[in-house]
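Consider the two complexes below, in which chain A is the common component and chain B and chain C are the respective partners.
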Partner chain A sequence: MVKVYSITTCPWCEKVKKYLKSKNVEFEEHNIELSEEDREECYKISGDLIVPVTTVNGKDFVVSFDKAKLDALLGL
Partner chain B sequence: MAKEIKKKDIIIIGAGMAGLTAALYAGRMNLSVLVLENALVGGQIANATGIENYPGHKVIAGGDLIATVQQQAESFGAEVDEFDPIERVDLTKSPKIVETEGCIYEADVVIIASGMNRRKLPLPEEAKYAGRGVHYCELCDGHMYQDKVIAVMGGGNAAVDAANFLTKYASKLLLIHRSQLKADTVSQERLKKNEKATICLNTEIESLHGDGKLETVTVIDKTTGQEQEVAVDGIFVNIGVIPNTELFKGQVEMDENGRIIAGEDCRTNLPGVFAAGDVRVKEIRQLTTAAADGTTAALLAEQYLSRMRQE
Partner chain C sequence: MGVYDFTVKTSQGKEKSLADYKGKVLIIVNTASKCGFTPQFKGLQDLYMKYKGQGLEILGFPCNQFAEQDPEGNSAIEQFCRFNYGVTFQIFEKGDVRGETAQPLFKFLTKEKGFEGFDKKHPIAGKLEEVLKANFPEYLEGDGIKWNFTKFLVDKEGNVVKRFEPTTAPEDMEKDIEALL
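Here is the complex of A and B:
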C-alpha cells in the first residue's frame, strides 16, 4: 500500500500525487491538516517536519518529490 | 536501450510564467512546443499565497494563476513535461540538443526560462536542521508549526509575504533581516499591524541549536553587536535567489552572478537561443516582466525559425 502524507495547498504534494497518477500507482492520501493521528504518523515515519512523505508498505519512505527514489521504491 | 530522438520546433526550459507564456504564444503560432520542468510548474510563484499585482486579478494564489496559464498553453498544443528531468544540453550547434532522462530532443530554438532557486541558509548547521526546523516551502511546511514560534529570514517581498502567511499558524512570528526591508509598503504595513509579528532589522542569525530539531537560534544585533539566544521552532528562509543556469555554463554568456546576458529582445550570444524571465540579466524581476519576456522570446523565435527555413 502506498500512502502520501500531504496538506491541501502544498505544491510538492500535488507533484507527487500527479506523478503517481501518471504511473497508475494507486495510493491513499492522508491529509495531515485534517487528522492529528496522520500528522503524528507522518512525523514518526520521517522524523522531519515536512510534507509530502510517501510510504510504501508502511516502512520505506520518500520525503518531498524525489523521482529517482520514488522510482526505485515503487519499481517504476 | 538507446533513447528515442524526438524533434520539436521549440524547447522551452522552465515552466514558470516566462516559459509558459512563451509556450502559449508559440502554440498559438502552430509551432511544436515542449516545455520541460525539473522542479515545480510555476517556479517561484508556485509557493506564492496571494498575488495582488498581476493585472486582471485582485488577488490570486500563484498555483491557481500558473495552472490557468498552463491550461491556456496546452489548449494551443504546447506540451508540458515535469517528470522527465534534463540531463544535458548542447545549444552551440543546430539543431540544439536537449537530452532528458527519457529522450533526446532536437529543436531549432531553445528558450531558457529556468528562473531562480531559493538561496540556502549559509550556516554549517543548515544540513543538520533542514526539514527539522529549517524550511524553504511555507505552503508545504507552515502547517507543522501550529502555535509555535516561527522565524522568517529575509527582507524582500517573498520574505514579508511568507511572514504574513505564516502568522496564521504561528503563536509568535519573528521577521529577521540583516538590513532594512525592501518589500512593498503594502506587505510591510500588513505585517506591522499583525500583533503576532515582531520585525528585527539589522539582525542576523549566527547559529542554530537543538537536539534533533531546531530549538533556539543565536542572533546578533549588527548595530550594537549584542548577541542573544532566542527560542525558535522553525525558520523559513527567504534570503534571495540564485539563477538556475548550471546546465548552460560554458555555452551561453552569463554575468558574474550566473544570469544569462540577453537584452530586451531576449537574444543570447547563441543564434536560436533566447533567455526569458528572471534568469536574464535585467533590472526588474516581476511576474509581469516574466510574461513580457516570454511573449518577446516566442515572437522573435518564430521570426528566427521562419528566416532559417526560408534560407
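Here is the complex of A and C:
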C-alpha cells in the first residue's frame, strides 16, 4: 500500500495527494501531527520530519512534491 | 500606547496581556508556515533555551499570509513542509500580521520600527526579493511585514528596540539580546 505522510495545512502534501488521485493510485494518508506512531514511522523512513513523504514499502521514499521521482517510485 | 497595552490570545485560546511580560526581554515574531523557505523555529528555540534563564521570552504569532501563495513552479521555494516539534516558547493564535487585517500588535510594531531593507549578505535575501517581486510586489513597499520570521526585539521596559528581517538568523541576534538582558 502506498503511504503518504503529511501534516495539516501543507500545500505540498495536498499536491502529492491530488497527483496520486489523478493517476488512480490508491494510498493511505498518515498525518504525523496527529499520531506519534506515524511520526516515528516517518522519521524512521527519511531520517527527518519533513513532509510529504511518499513510500511504497516503507523503505523507498520520495520527499516533497517531485513528479519525476514519484513517477519513478510508483512506476507511473 | 506601548507593547504592554496589547492583549493577545494564546494558541489555546486564552487571553494574555503582554503586560505580564514586564521586566522580560521579548522577541515578538511572526512564525507561520512550516513550509516556506525561511524556517527559523530551531534557531529561535536555541535562543530561548540559551537565554530564558536570564529573562528572555519569545512570543510566536503564526500567520498564513505568506504561505498561502501557490508556489508551484517557483523553484526558489522548497517543496516540502517541516513538522516542528520541540518548540517550547509561547505560540499565540493564528492571525494576520500585515495590511488592513493585521493584528493591532503588529500594526504597532511595524509603526515603531519600519522596514530598513534585507540583509543582502544572507543567502536567502536575493531569493526572497525575487519571490516577493513575483508574487506580492506591493509587500515590498512600506513598513509592513515582508515575510515570515520578522523579529522585533523589545527591552525590559517595553520599548521596541530593533527589527530584524527574515534575512537575519536568530543566532545573529545574540549580541543585541545580551545587551538588553
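For the reader, a short list of remarks on this structure follows.
By definition in this document, the second predicted complex is superposed on the first by the 76 of 76 C-alpha atoms of A that agree within 3 Å, B and C clash if a C-alpha of one lies under 4 Å from a C-alpha of the other, contacts with A are read in each partner's own complex, and residues count from 1 in each chain.
In this text, contacts are C-beta pairs under 8 Å (C-beta built on N, C-alpha and C of every residue); 3 or more make two chains touch, one makes a residue touch a chain.
Predicted, not measured: the structure shown is a model, and the values here were computed from it.
On the shared subunit chain A, the superposed partners chain B and chain C overlap sterically. In the superposition on chain A, contact of A:I7 is made with both chain B and chain C.
Judged by the touch definition given at the top, the superposed model places A:Y19 against chain B, while chain C stays out of reach.
Residue by residue along chain A, chain B and chain C are tallied for touches, and B comes out ahead.
Of the two partner chains placed by superposition, only chain B is touched by A:G47; chain C is not.
Once the two complexes are laid over each other on the shared chain, residue contacts for A:D66 go to chain C alone; chain B is not touched.
When both complexes are aligned on chain A by C-alpha atoms, chain A residues 7, 9-13, 15, 32-33, 49-52, 63 touch chain B in the first and chain C in the second. Of all residues in chain A, only 7, 9-15, 18-19, 22, 32-33, 43, 46-52, 63, 67 touch chain B in the complex they form.
Interface residues of chain B facing chain A in the complex, by the touch rule stated above, are 40-42, 46-47, 49, 61, 63, 82-83, 85, 131-133, 135, 137, 139-141, 143-145, 212-213, 234. Chain A makes touch with chain C in their complex at residues 7, 9-13, 15, 32-33, 39, 49-52, 63-66. On chain C, the positions that touch chain A within their shared complex are 34-35, 64, 67, 70-72, 78-83, 85.
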